[in-house]
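As written, the chains take the letters A, B, C and D, and residue 1 is the first residue of each chain.
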Amino acid sequence: MDYHIIRCARAILHVTDLEASRKFYVDALGFIETEADENHIYLRGLEEHTHHSLVLKKAEKPAVEALGYKVSSNKDLETLSHMFEDKGYPTKWLEKGEQHAVGRALRVQDNSGLPLEFFAEMEPVERLLQRYDLYQGSRMQRIDHFNCGVPDVEAAYAFYQEHLGFACSEYTDTPEGNIWAAWLHRKQNVHDVAFMNGLGPRLHHIGFWLPDQLSLIHTCDVLASMGYGESLERGPGRHGLSNAFFLYLRDPDGHRIELYSGDYLTSDPDFKPIRWDINDPMRQTFWGHEAPDSWFNEASSVLDVFTGEEVKQKPGKLKQHKPTFVI
Amino acid sequence: MDYHIIRCARAILHVTDLEASRKFYVDALGFIETEADENHIYLRGLEEHTHHSLVLKKAEKPAVEALGYKVSSNKDLETLSHMFEDKGYPTKWLEKGEQHAVGRALRVQDNSGLPLEFFAEMEPVERLLQRYDLYQGSRMQRIDHFNCGVPDVEAAYAFYQEHLGFACSEYTDTPEGNIWAAWLHRKQNVHDVAFMNGLGPRLHHIGFWLPDQLSLIHTCDVLASMGYGESLERGPGRHGLSNAFFLYLRDPDGHRIELYSGDYLTSDPDFKPIRWDINDPMRQTFWGHEAPDSWFNEASSVLDVFTGEEVKQKPGKLKQHKPTFVI
Amino acid sequence: MDYHIIRCARAILHVTDLEASRKFYVDALGFIETEADENHIYLRGLEEHTHHSLVLKKAEKPAVEALGYKVSSNKDLETLSHMFEDKGYPTKWLEKGEQHAVGRALRVQDNSGLPLEFFAEMEPVERLLQRYDLYQGSRMQRIDHFNCGVPDVEAAYAFYQEHLGFACSEYTDTPEGNIWAAWLHRKQNVHDVAFMNGLGPRLHHIGFWLPDQLSLIHTCDVLASMGYGESLERGPGRHGLSNAFFLYLRDPDGHRIELYSGDYLTSDPDFKPIRWDINDPMRQTFWGHEAPDSWFNEASSVLDVFTGEEVKQKPGKLKQHKPTFVI
Amino acid sequence: MDYHIIRCARAILHVTDLEASRKFYVDALGFIETEADENHIYLRGLEEHTHHSLVLKKAEKPAVEALGYKVSSNKDLETLSHMFEDKGYPTKWLEKGEQHAVGRALRVQDNSGLPLEFFAEMEPVERLLQRYDLYQGSRMQRIDHFNCGVPDVEAAYAFYQEHLGFACSEYTDTPEGNIWAAWLHRKQNVHDVAFMNGLGPRLHHIGFWLPDQLSLIHTCDVLASMGYGESLERGPGRHGLSNAFFLYLRDPDGHRIELYSGDYLTSDPDFKPIRWDINDPMRQTFWGHEAPDSWFNEASSVLDVFTGEEVKQKPGKLKQHKPTFVI
């Protein structure tokens, strides 16, 4: 492979009310607002040394415009575009200057229909990791991963592994031996992206890394005291899969955010992916707690890279096995 | 009042399998086993300087034999017994030596039918607060409170306030102005005992104090890894009422244990009890999470001080207002 | 005793620059500023339901004007004043209205020369314990204790125990059997006041309660990032004596503040005071770390209740035993 | 570069008393003892999926036998050996079976004289990350880094960067523009190895990763309660450099162990190494605390790969600039 994807790097979300979003993301969750204009808010975590990892873009309807990955160099963008084109995936270039604070970018709809973006350059900014006087709310640290619902997990898994160089850390298996869900990484923790069988393509959630478990608990307290009790969808709890401490939130437009802390190092090429049985009650929540229905059923629509229209969704290929622990 | 109740001090629980109980309380929750014989296990927390705060007694059926309060002196026991007798409550004395490690004790069924015990003396033991090498599991610290379901909360409240010297820190009100539940204390935190409207007399749970929030989270992890996932009934979460961080467990006999940390100082006589509306979703869990049905419906039977038989239970006087947030 | 002291309740500190103090106490430590005027800032912790626990008063020189204790009722003030006067201590009354937000107050210089104040009433304010959205910096919770250097610890101890009703939780002994230092309480934790042998009367520090250990660590990070590195005098660490997690700070005028979390319940009248040998290296810092010289040598001057002049200081009666672990 | 070093992977320490070491590493620090024989103890952290990351080997004198790095494959060992040999470094092979639980290994003395070992294979074992019932003491997680004193940091830096593929995350500069110390990584956090100017080659410490800050604080408490107060050499504190929370311990033979938690992701090739001025008081301890003399002066001797004799040490090339903040 003559290109090198570094990590999941930014998401572009369409939101309907920038002020409502700012209150949620900045005041409550503690994101740093790097910059904003009439139609955008650019957010980053305290650890991030580049301009943003989340773009909120004013729009009529909530949706996901792009899931962005950082690559090693602009040259990698070229070789990556050839790979996609060779396989029949049309690509789209956004030249440097077309998007604020980002270099040249390649966009493409992947084999599940997810709107991907690749870029090598983003404007550097001051890293605020040691500006503890600016820590507030959740003490948001950095973007960690995307989790997507797709109709055919095995196809998505194969494409990312064979053509994009992702490795699998953990996966969920059905009794029939099908992969129900897979956690894939480029950077050295559990995932940059996960795929779950289900109606898709949809973005189930964006995961952000927090420094410790108490930051997640404090997030619950802060959100509740600000009147956001209903945004607390699931958790806090411990994932069996990934071992991370988690909390799922819904933003004012219904986009799902996971606060995530404390998985593990996945540097070793001989680390054998961990298999979980879909019926293991400790898989999702190690403590055995069930997730609410909304967590299974609701997710964000994604947009077509070329038309800007919502991508049509198809049901998951595998049928559901057990209501309470499925996905 | 010429007697002085210090605090809730010990509970005597009937359990059906001492080995199963030991594994749960000692190995998982980190209680210190002060002593045991064929029919009893005596447990204490790391902070406790007296012999035990929990007695597990082998029996045919799970039940609560006594809820024990420490008083200032043996003389207080006399004056307390006069008060009860004057009001028509028969009392029972257990002389020093009749119960292991405890001085003279007064037992009486209170106006809700709960089996109370009062004593001034308990054998001192080494306090292990600074034996951090012995900390394990939940890092159990000390007994904190009893929570009881009773048919008439206002009557219980009145008796404890007027005749036993308890102060109210917080309470739950119905739209009709009835007290649905009340948190009453002698020591200077939120409660030594709470009463909730419902089928009773029953012991809903015994609360134990933990040093911090992470000890509760670690308890979930430890219990899950030992196969006790189903013991995790509710939480971890933040109580609106009391502001404590909580976790509810069910022991192998179904007795409910609350791990509890971080309420507040209630030293001031001019502190006005905090009123909660029964329909406030933040009252029970500040984050808005619902409690499971079992938490509302199940509780431990209590025994008659004189006959040792189960005390007959009556339904709560107030009718239930809202299914999900009631009690 | 026909008066009832509740707890240590407020301190009045003279400071030379209100703006500098505000930045330190409000911005960095997270105190709530209840109110301020040209010459005063009134501060409280998140848990406190009364107007303030710390008054910063603009003055030419840093000093301690009063150490305030809350009593049960205004009637207690009368009986307390009689006790002092009977023993030859002149008293001074500040009528309601003379001090902002405080009721009638009794001031008196105690037998060590410390300027005490007693009052029963303070204006109630909203308790912000569950306004987690307002938590910042240290997440300051409530006042906990005063620690004072006095020339004769045994005399101070005797007076507070016999005439003011304090109980001893822990104390430090010399090889000769003299009490070097004593921790005395009215409320049910380790202390409301401690006395240490040394040049006095002086206020060594005011202790404030924080909710957990991580709040102390975050305080270090916040202070360092604001340029207050030199304010971090000692800690964080674990006290052997009291078992609390601690951090000592110096405010912009050199007044010493202790952040303190996690001691234990002292409700029981039969709890035997814990004796520490002055030469035990784990007494001060359980981990064996030494305190810096400044911690031993520097403290705040106190003012005469009647003249407002600095009270003359005398050296400690006991001679120092070992340089590194003394006091 | 046609070889790929994955990460720092194990150290072999010579110790004089295996029982004393076991008590310290297993009972106090919570390492998992995978296996032991008369002359070795093999230890791993809770997260580790391979046989061990620390070998304690019984010997007459404390010393460091090898600093081991994991590479991608056995083929990498060949290409790596050619590189070393081409540059005039003699190499030594230990065939599979010669060392317990490890595959074929290449040993070589690097340009500073440090005894390196490279291997691709280690026997897999059960990962205990989710066996929370086995967590004790420090809750040891995994090996993180080596820190070495060397006479010529710039030479070491250049060799590791140019020939071994390490990237620099942070470094310390002198006013003259010399690199005083450098933090170099292969895996995606701050370092796998650091070099500091000083008498060397010596191993200053091995860093182990803990899951959170409270695990370091609990380590202090546990060590103190076991009588290991003098093992607590420095900390807990926050490093300016790396932003990690740290604690330095000395094992029974004087080897230094760093417990380390919470640095940051270093995945990005365009991340600019962070420069620290040697005279910045926040560099070592962000809070401004000084390190003790022993931390600057004492370190472990390393052995010659071929003779097993102690490697002769030379003083650091750069002269010391400021006593308190140097190194």
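Quick note on the criterion: contacts are C-beta pairs under 8 Å (C-beta built on N, C-alpha and C of every residue); 3 or more make two chains touch, one makes a residue touch a chain.
As the structure is a prediction and not an experimental result, all values here were calculated from the model.
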Pair with more cross-chain C-beta pairs in contact, given A-D and A-B: A-D
Relative to subunit B, chain with the most remote C-alpha centre: D
Whole-Å gap separating subunit B and subunit D, where each centre is the average of the chain's CA atoms: 49
Inter-centroid spacing, subunit D versus subunit A (mean Cα positions, whole Å): 34
Distance between the centres, which are taken as Cα means, of subunit B and subunit A, whole angstrom: 44
Residue list for subunit C, restricted to those that touch at least two other chains: 130, 212-214, 221, 224, 286
Interfacial residue positions of subunit B with respect to subunit D in the complex: 27-28, 130-136, 212, 214, 218, 221-222, 224-226
Partner subunit A, residues of subunit B touching it in the complex: 213-214, 217, 220-221, 223-224, 229-230, 232, 236-238, 245, 281-282, 286-289
In the complex, subunit A residues that touch subunit D: 6-7, 47, 49-50, 70, 72-73, 120-121, 124, 129-130, 142, 187-188, 211-213, 240, 243, 262, 264-265, 267-272, 286
